[in-house]
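We just call them A, B, C and D in the order they show up, numbering each chain from 1.
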Amino acid sequence: MAKESLDVSESLEMVKLVARKIIESEPILTDADRNLGDGDHGIGMQRGMTAVLEKLESDSFADIKSIFNAAGMAMMSSMGGASGALFGTLFRSGAKALDGKLAFDSSSLSDFLVAANEGVQARGGASPGDKTMIDALDPAANESLQSKELPINEALGAVASAAESGRDQSKDMVATMGRAKTLGEKSVGHPDAGACSIAIIFRAMAEFANN
Amino acid sequence: MAKESLDVSESLEMVKLVARKIIESEPILTDADRNLGDGDHGIGMQRGMTAVLEKLESDSFADIKSIFNAAGMAMMSSMGGASGALFGTLFRSGAKALDGKLAFDSSSLSDFLVAANEGVQARGGASPGDKTMIDALDPAANESLQSKELPINEALGAVASAAESGRDQSKDMVATMGRAKTLGEKSVGHPDAGACSIAIIFRAMAEFANN
Amino acid sequence: MKKLINDPLKVADELIDGLVEAYDGDCVKVGTRSIIKKEIPEGKVALLIGGGAGHEPIYHGLVGTNMADGAACGDIFAAPPPDIVLEATSAISRGNGVLYLYGNYAGDVMNFDIGAELSEEEGIEVKTVLITDDVCSAPPESKEERRGIAGLVLIVKMVSAASQSVETLDELERIAKLTVLQTRSVGVSMSPGSIPATGKPTFEIDEGLIGLGMGIHGEPGVSEIPMTTADDLTPQMLDLIFKDFTDDSDVDDLKEGDEILLFVNSLGATTMMECLICLRKAKEYLNKRGVRVYDTIVGPLVTCQEMSGISFSITKLNDELKRYWDVPCESVCYTKL
Amino acid sequence: MKKLINDPLKVADELIDGLVEAYDGDCVKVGTRSIIKKEIPEGKVALLIGGGAGHEPIYHGLVGTNMADGAACGDIFAAPPPDIVLEATSAISRGNGVLYLYGNYAGDVMNFDIGAELSEEEGIEVKTVLITDDVCSAPPESKEERRGIAGLVLIVKMVSAASQSVETLDELERIAKLTVLQTRSVGVSMSPGSIPATGKPTFEIDEGLIGLGMGIHGEPGVSEIPMTTADDLTPQMLDLIFKDFTDDSDVDDLKEGDEILLFVNSLGATTMMECLICLRKAKEYLNKRGVRVYDTIVGPLVTCQEMSGISFSITKLNDELKRYWDVPCESVCYTKL
C-alpha cells in the first residue's frame, strides 16, 4: 500500500526501529570489522544506537529535522571512533537539509541523503570505491534522486536495495582508507563494516514504512 | 651374577647412568612437581644432571668420594631451587662418608646413604612423613643397613625397591613441608616429586650394577 | 579466558576512575572521561593527548608531572568523542593555546578535529601534531599516513618536557613535529587481544605465523612471516627501522656515533622475559653499528588487552631532544628520575 | 602459545643479559648471573635481594639508584645456587655487612643460607630477613612460615632507601623486619603461566574457578572460589588483609586515620585495565574505612610468565616507613620521583 510520507511521530518510530535493528545486528557488524579492522564497529554502533534510543525516548520533537539531529548528536557524543564521527555527521548533515519539515517524503529523503553523503565525504575524505560506508551511502543517495516521485515506502525500499547492493559490491573493492588500507589486495572478499551498517539502517527504514 | 663391589671407573659409569636416567625422566618429574609444586623439578634435575655429566666426562677421579662429591658440587651450583641445595647436599654429604675408598661395596653404600640422609634432613629440616624426598631416601638408607653383607648389585636392588616403595607411600601422605604444604589434605594422591627422583637415582644404580 | 571486570560495557569508565585513583590526587577527572593535571600554571602552552581505552597504561597514564596536561579518553579501541575532547581542552587551556598530540587513526583525527572546531568556537587556539611512527604502515614518501604505535611514549615524554618551558604554541608544534620525525617503530603481533564487550579476539593468526607490522589494534601489517626466535626476529625488525631512516630523505641515516632512545614494548601478554631477551639482541645489533643507546625503556606500556607481540621504537636524538629527555617526569605509565 | 625466545634452556641467562642492558650502564653483571650497582660507597651496609627468574621485572629489576645493591638470580622459578649468592655478596660487600632480603621459599632459604655460610667463610657478615607477606599461606600465629609475594616491591623499596643511610647491619635488619611485619598481601590466580623449558602450564584450574591465595608460582592457595566480578572479589581480598592485621597480635588493626601504601599487582596476563578497575573498587573500600592511601602502585611487577591473576599488597606506614618511602628511586622495575 502506497504511503506518501511519514509524519513526525512516525519518523520518530522509524528512527527508533533503526536503532533497535542496529543494536540487534551487533554480532554481524563485529565480525565484519574483525575481518578488516579492529573488531569494535558492532559495539560502537550498539553504544551509539542505545544512546539514540535513550535520547528519542526521553525528549519530544517538533519536527523531522530535530529527530535526525538528536540521533546524530547522540551518536557523535557517545560512540567515538571513526563511525561515531561519521554516523554522527551523517545524521546531523542530513538533518540540516530538512529545515522546518513536518513530513518525511521521498523528496526529503533525497535531500537528507544527498546532504548526508556530502557531509560524510567531507568529514572522512573517502570517495566511492575506497571500500568504506560511502560505498553503500553514495549509491543510496543516487537512487534517492531517481525515486523522488515515488511514495516514501517505495523510495525507501529502492534506497535500501541500493545500499545493500553497494555493501555487496564493497566486497570486491581494495581498501584505500581506514584501518583496512594496509591489507591492500587482501581486503578483497569481505564487505566493509560501515557499509553493512548503512544497509541495515535503510533496510530498517524501508521495513518501517512498509508496515 | 653376584658382584661384590664396583671400582672407581665402574662407579663413575654408574653415576653417569644415573645422570642420563634422570635427564630422560624429565617429563615424569615435571608432571609430579606440577601436581604439588611449581612444575620445575624435572627441568631442574635435568639441568643438574647435565652439569654432572659434563663434570664427570671432563675430569678424572682418583677415588669414589671425589666422584660423588663432584656430582654434588655440579648439582649444587647449576640447579638452584630446593632440589639443587638438597640433591647437592645428598651427594656431598654421602661422599664425605667414603674417604679414601677405591671400591664401592654394600657397606660403603650404606655409609653413603646414612650420611646423605642425615645431611639432607639437617639442611631441609624435613623428617620422614613430611611428603618430601626424605620419604624415599630414609627407607633406602634403612634398607642399606640390612643389606651390608650382600653383594653390591643385590644391595642396590634392595635399596632401589625401598626407595620406590617409599615414593609410592608418599602418595598417601599429607604435605607438611615445601610448596605443597598449603595444599594440606589435597596433596594426598600424588607422589612427591623429589621422592620420584630418589627412586630413579637408585634404580639406575641397581640397573648398572646388575648389567 | 577470565577477565576480572564488572559490566563489560562499562570497562572504559571504570578503568578511568581507577586510573585517577592511581594518581593519588595529582590528577583529576573532568567531564565524561578525561584526566587532567590538578595544577597547570597560567599561560602554559597546554598539551592534550588521548585515544581509545584498552591500551593501558597509555594514553591517559601519560598525564602527570612534566608529562601531558590532559588526556581525552574514548571507549575501548574507540577515539574519544568530540565532546570529551572539548571538555579536556577547556579544562587544561591556560590562555596560550593547546597542542593535540595523538596517534594517526581516522577515528581519532575526525573526533579530535571536531573537538578542535568546538574548542576554537570557544576561543581556544588549537594545533594538532599526529603521531606516525609505524614504519610498516606506509612508505616514507607518504609517512604522514602512518599509524601511531608505541613510539608515542618517547614522543609524549619529550614533547611534555618541552611544553613546560616553551613560550608559544607554534614552538611546541615545531618540537612535536621534530620529535615525531625522528621517532620510528616496527612491531609484530603473535596472538590477538580481545574486546571486553564481546570477548572476541580482534583477529586470527596461524600458530606458526606472526604478523610483521601489525597495528596495535590488530590492524593488518605488511606480511605474515613464520614464527621464529628472538635472535632472528630482532635484527629483521631493526633493519626495517634503519632502512626507513635511510630511505626517508627528510632525515639523516642512523649511523655510527648517533645517539638514540630505545624502547622495547610488549603488547600485553608478551612477558618482560621475552622483551629483555630481545633487548639483549637489539643492543648487540646497535653496538655492532656503533649506535649508542642514550636511554632504554622496556615493558608493557602500549598494550592491546591480552594481545602478544613486541615492538621496537627508536628516537634519534640531537642536543635539543636530549634536553627534553633528561627532564625528570612522573606518571602512571612512565616515570624517570 | 608463541614465546619469543631462543634456546628454551637459556632464557634465564639471556634475560639477565638483557636486563643489564636495560640499566644503560648503571648496573653491571658479575659472575654467573648476578646484577649489581656499579657504584656502591665504601662502608655502606649492602642489600642483596634475589630469587628465581621468570618473574620479571622482579627481582633483579629492583637493583638501582636508592634501590638494592645487588640481586642474585636463579634459573626459571629456581632459587639462585649458593655460588651465585656468594659472587653477588662478595661484589657488593663494602666492609659493613650484607643484608639478604628475599621471599620465604624453601629453595631460596637453603641456597641463600649456604651462600651466607660461604660468604662468612670469606669474612663477610651476613644477616637475613625473609619476606613473608602472603597472608593466605599460613595463619598469623605462624606467619614466619608465609611465602613472599608481591609485597616484596614495597618492602625492597623501603629497605633499600633505609640502607642508604643506616650505619649498621643490625639497624638495617631491624628496619627490614619492621617493614615485613607491616606489609601484607592477598593474591588470586585465574590461569596458569608456563615454564619456558617445557612449555607446560604450572597448574590447572577450571574455567569457572579462581585460586584464592595461590602462590606466584602456582602453588596451591587456601581455596578455589567461583570466578566473579572485580567489584565482588576486591572487597573479599581486602577483607582478608584487614582481618590479618586484626588477628595478628604483633600489629595494630588497620583503622580509620591510618596511612598505607597500596600496590595492585598483575601476575602477567591480567591487563592494566583489570588492575585499574580493581583499584577503583579498592579505593572505595578503603575510603569507606577511613584508611588513607599515601601512595598507590599498579602494574605487572611481580609476574609468573603469562599467568593471570592479581594481588593486593598493603603496608601500614608510620613516620619512619614514610620517610623511606619518600626517597626517590630508579630501577627497571620501579621508579619514583
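Convention: contacts are C-beta pairs under 8 Å (C-beta built on N, C-alpha and C of every residue); 3 or more make two chains touch, one makes a residue touch a chain.
The model shown is predicted, which means the values in this text are computed figures rather than measured ones.
Chemist: Quick one: remove subunit C in your head and tell me the pieces the remaining chains form.
Modeler: Leaving out subunit C yields the groups A | B, D.
Chemist: Which pairing of chains accounts for the highest number of C-beta contacts?
Modeler: Per chain pair, the contact count peaks at C-D.
Chemist: Which chain has its C-alpha centroid at the greatest distance from the C-alpha centroid of subunit B?
Modeler: A
Chemist: Provide the C-alpha centroid distance between subunit A and subunit D, rounded to the nearest whole angstrom.
Modeler: Going by mean C-alpha positions, subunit A sits 54 Å from subunit D.
Chemist: In whole angstrom, what separates the CA-based centres of subunit B and subunit D?
Modeler: 33
Chemist: How far is the middle of subunit A from the middle of subunit B, if each middle is the mean of its Cα atoms, in Å?
Modeler: Computed from C-alpha means, the inter-chain centre distance equals 74 Å.
Chemist: Can you list the subunit D residues in contact with two or more other chains?
Modeler: In subunit D, nothing touches at least two other chains.
Chemist: Classify the chain contact graph as line, ring, star, complete or other.
Modeler: line
Chemist: Which pairs of chains touch one another in this structure?
Modeler: Here the touching chain pairs work out to A-C, B-D, C-D.
Chemist: Which of the residues in subunit C end up touching subunit A in this complex?
Modeler: On the subunit C side, the touching residues are 9, 52, 74-84, 105-107, 110-111, 114, 136-138, 145, 195, 197-198, 200-203, 213, 215, 217-222.
Chemist: Would you pull the subunit C residues touching subunit D in the complex into a rising list?
Modeler: Going through subunit C, the ones touching subunit D are 1-6, 11, 14-19, 21-24, 53-54, 56-57, 61, 65, 190-191, 196, 207, 210, 227, 229-231, 233, 268-280, 283, 293-296, 298-300, 303, 305-306, 308, 310, 328-330, 332, 335-337.
Chemist: Taking the complex as given, what residues does subunit A use to touch subunit C?
Modeler: 26-27, 30, 34, 37-40, 42-44, 47, 76-86, 123-124, 177-183, 186
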